[in-house]
Amino acid sequence: MPENNNKYKKIGVLTSGGDSPGMNAALRAVVRTCNYYDINCYGIRMGYDGLINDHIVELGPRSVKNLINKGGTELKSARSEEFRTVEGRKKAAETIKKHGIEALVVIGGDGSFTGAMKLYEEQGVPFIGIPGTIDNDIFGTDYTVGYDTALNTVAEAIDKIRDTATSHNRVFFIEVMGRDAGFIALNTGIATGALDILIPEEKDSIEDLFQSFDNAKKKGKTSSIIVVAEGDKLGGVYDLAKFTKMKYPEFDVRVTVLGHIQRGGSPTVADRVLASRLGVAAVEGLIDGRCCVMAGMQSSKIVFTPIEEAIKKHNEIDKELIKVSNILSMQ
Amino acid sequence: MPENNNKYKKIGVLTSGGDSPGMNAALRAVVRTCNYYDINCYGIRMGYDGLINDHIVELGPRSVKNLINKGGTELKSARSEEFRTVEGRKKAAETIKKHGIEALVVIGGDGSFTGAMKLYEEQGVPFIGIPGTIDNDIFGTDYTVGYDTALNTVAEAIDKIRDTATSHNRVFFIEVMGRDAGFIALNTGIATGALDILIPEEKDSIEDLFQSFDNAKKKGKTSSIIVVAEGDKLGGVYDLAKFTKMKYPEFDVRVTVLGHIQRGGSPTVADRVLASRLGVAAVEGLIDGRCCVMAGMQSSKIVFTPIEEAIKKHNEIDKELIKVSNILSMQ
Amino acid sequence: MPENNNKYKKIGVLTSGGDSPGMNAALRAVVRTCNYYDINCYGIRMGYDGLINDHIVELGPRSVKNLINKGGTELKSARSEEFRTVEGRKKAAETIKKHGIEALVVIGGDGSFTGAMKLYEEQGVPFIGIPGTIDNDIFGTDYTVGYDTALNTVAEAIDKIRDTATSHNRVFFIEVMGRDAGFIALNTGIATGALDILIPEEKDSIEDLFQSFDNAKKKGKTSSIIVVAEGDKLGGVYDLAKFTKMKYPEFDVRVTVLGHIQRGGSPTVADRVLASRLGVAAVEGLIDGRCCVMAGMQSSKIVFTPIEEAIKKHNEIDKELIKVSNILSMQ
Amino acid sequence: MPENNNKYKKIGVLTSGGDSPGMNAALRAVVRTCNYYDINCYGIRMGYDGLINDHIVELGPRSVKNLINKGGTELKSARSEEFRTVEGRKKAAETIKKHGIEALVVIGGDGSFTGAMKLYEEQGVPFIGIPGTIDNDIFGTDYTVGYDTALNTVAEAIDKIRDTATSHNRVFFIEVMGRDAGFIALNTGIATGALDILIPEEKDSIEDLFQSFDNAKKKGKTSSIIVVAEGDKLGGVYDLAKFTKMKYPEFDVRVTVLGHIQRGGSPTVADRVLASRLGVAAVEGLIDGRCCVMAGMQSSKIVFTPIEEAIKKHNEIDKELIKVSNILSMQ
């Protein structure tokens, strides 16, 4: 029997916030690692609402079979208004107590971690977080669970759009997810040979975009893809398309908003392995007495980051990638 | 040497209108079948504009290698305003004469066939059409080239959206292509277990839709997909979502417009084989002295349909499919 | 309430023989159509062994949710030795009687239908069959459930192999499934531009194959794919590779046996819709008093074929397809 | 104009050894980065044989369009016997001199780098290497170009096999690539929930494998996947299957060798971005006066490693991953 320093007997696990591919793989890892260390594992359904309303079920190791390659989250997820109140968190703590759950593993993003932190501060429920979001914007891990899958979903969609863009000599503005972070836009833009990439972290001007079009025309490019993150400061894809059409009436300009396909799908190997590793690490971290940290991966090693840091700081866009994009797309 | 009854020496081929997956496979088949019968094949770029502006290149059998699995159209496509005029078609005929091209294979939809018919009537250029469009709305063939690929692209996207719909108990309105025809919506709706499917051919009422939601609630369904064809008469996806939210404020309602991803992608086997067969049939049809017909496939056999019929008549939605959808989705 | 002429109250459903993608979609359709007609539906696990050993569970309409796009068969499948005996079938009939099951829907191939027929003749249990096999070799339906998915799985695999074949100027012999039927080999061979296709239905000679290689060399082809059905009479892929290497020592010859990946995967839209239609038709057929027939699809219409015909006769390879392959590949 | 410290005017690029997905993305990046720095870029076809036989063509920036998402290598690749001789390398140097090429970018693995090093030592041709191989076994980079794509190709194949394994309660031995390295086997084994994973780096015993089977039986597992790297020391998949069947006659044991599908396919986003970054870095490295190094990525940063180190040292399997696999699979 492997050692359980903290003598935990019961651990709960939930997914919260927007779902991301790989959450099920993380859940499976949490459940099976609990079992390995002889801990009973409880699945909490519908995020924090499930704590408040007592939607809790014990999960044996075989209950998570065939989940590793499944998109979405079997536990379901939600954003809970009630849990944002002290009263709500008190109710949640009562449910936790009732079941004898001693600690939580919280799979989600910034908002989910903030909630867990408050539950700890007010009600003393220890927890470890696992970063589950497609946006890759959480500090303390090189990659978040779901990000790699989203990248490939987006690139496959843009590859398809490129077929028709090239066939018709069209300019396409494609909106991808990323309200505050341009990781998806930047990496998929490079991966699909986008002419230009607009992200929240960069101050782009419409003149820069028009400069790109002028260069492209000079080089003989007859079709172009512009990848735009949701949170881009320059304007939404529809406005960008309108301005472009005004400046270049001869262009055949189109818009596609990729939308929710980006959140689903069977996770990639990278996401399945990452989720599995973090799931094991989270349970082992609790056993080792850690609390209020996020399990992440940096340079292929497990690293625990204090949850406040994970929430407050942000991963920065690598300037080298922007340079790579500029060198490769402008020709 | 196989027989060439019509003694053609030079045949031209073009793609016109919206592109569809499998057009390249059809092009490859036309080029290689010409070569097989010792006919020189000329590729016309950018649809009818390429005829007007003399963008024509001879295509040897090796020039189309590695094309069979490629989306889009290597010849490029366009809608030509000039070709809609008698003057434009006269210019086109001059280019055709200049190159010594004796007949055309036209890969496209209704509009493309109408243009070819006029060119024949006014200028005497014989042709055979190949139905290339994702909409499957052309009479005289069970399937159009690109339709099967579009079905699978749409279903894969909806499968992904379902992951997140289920995880969050959401209602999704998903718009798919089909301005005049509901084939894509109906088949992908059945294939993805949509709660309801709205198509141009059916008179739906908002009450029917609400009835579906009421039934679903009664059965305990917590998330739903509604597939809506572009051309649905009831209203666009955004309005439908708004009305639904008004009626059911407790629903978490979302909208996705799949857009141009539906036109691209590597063709499925069914589309590659269909395109190959029709490409062979079109060239052999010309050799056999046929003109002004469309090569199609009915019950797995090649059938030639007079082009006026192909344009005027329309494939009808199979009522049995609607019944199947009703039986399977309402539970 | 829709009419139930035959007054059935309880119907059983099983999958038997090799599994195929879409079996779950057929199961879902059977279960939900039963529910629609107010019939209780019983799932029999592990094929006929489940009848013998009483592995039977009632299936409500919500028990088959999220199954339509899932590969394999949730009911599991098996080949049952015991059911081949009169004694075994007697035990099966006792289980059926015990549960009050009045009729069966059998999803499988030739062997599964033979078993059902014997059960009917000896024990009077009525049934309708649904053709579920990737091989497409069952008479009475244009397509079997799983065939279209297998075609696309194979073509995607060959597309990948072609990348490396082209990069290295290699000759690849690729074995695909099809012990008695060349449908998969012929259609995927055409779809991937194979130089030659070897199928059980055709008498190929090694000289024909070498002739293909000689032609290819003359045309300047530097890499080639040969698709070989398992049941090809000329010899297995390893022998073919050996003989080819002896004749053309300068060739870099490789072999790939695609194997069991061909049976799995999420079904295509065509398979999901086909399976859904046949599942509805099978239950409605029983209700209408039909027995001992197979529900199939011909020219897009539901057709019932006497089970003996379905077993004895075979779908024939379309000679036109072989001609298409010859014209397109030899250049 | 960006600075070119080394005043290079002409750089050559080749792909050598086994091909891998992303080689074309690396080629595109090399060509366009050369153009960006006003250097003429020459593509050498068929690896080192192309140097010996003067198969060299100048590549402008538009010549590599639409290559970023294409599998295989457009330059083609080969293993050159002649280049292993001093005489061969002398001929190669003469070709290089004839074209005025001043430095090389070599995309390939260990063997390719060894060849480049000898060419440098004997003939003074400077070079930088880019690690292109699916095996991920090259020291100096966290990931090699093609590895991530191969992981996903393998996992998709195993997911399909799992469908049929589960449906039939079967045990599958699946051989994946990796003659000397278990990276593919270990990561895909974890990602697909394999019961056991056999890799060259670990000393496995048949008793350990049987122990896994015994545990699985105890836990109620009815089907199992065993992932085996080509280079596993315990024996090939066929022998393992035979021994397993002898020990457990009740098992339905099957074998699949995934083979060359693992080398092909459109590269993932991770591979496209990695290849793009290394392509830019290799050219900039040459410009900065570096030689005889490999451009790699460590912790998301570009790192140059002396080529001897890259060849001699090897990436080590992460023991933590083996532990993760053991915890998660044994339940």
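Going in written order, the chains are labelled A, B, C and D, and every chain counts its residues from 1.
To be clear about the criterion, a residue touches a chain if its C-beta (ideal position, glycine included) is under 8 Å from a C-beta of that chain, and two chains touch if they have at least 3 such contacts.
Note that the coordinates shown come from a computational prediction; the quantities given were computed from them, not determined experimentally.
A rotation of 180 degrees, rounded to a multiple of 5, brings the CA atoms of chain C into register with those of chain D.
The pair B-C is the one among B-C, A-B or C-D whose contacts match those of A-D for more than half of the residue pairs. Over half of the residue numbers at the chain A-chain B interface are used by both copies of the sequence. Chain B has its Cα centroid 36 Å from the Cα centroid of chain A. Chain B and chain C have CA centres that are 28 Å apart.
Chain centres here are Cα means. That of chain A falls 39 Å from that of chain C. Contacts with at least two other chains are made by residues 159, 166 of chain B.
Taken as a graph of touching chains, this assembly forms a single closed ring in which every chain touches exactly two others.
Two chains count as a pair here when they touch; such pairs are A-B, A-D, B-C, C-D.
Contacts from chain A toward chain B in the complex involve residues 15, 18-19, 21, 70-73, 76-78, 153, 157, 159-169, 172, 254-257, 259-261, 263-265. Considering their complex, residues 28-29, 32-33, 35-36, 61-62, 65-66, 68-69, 142, 148, 151-152, 154-155, 159, 166, 187-188, 190-193, 219-220, 266, 268-270, 272-273, 276-277, 280, 298-300, 302, 318, 320-321, 323-324, 327-328, 330-331 of chain D touch chain A.
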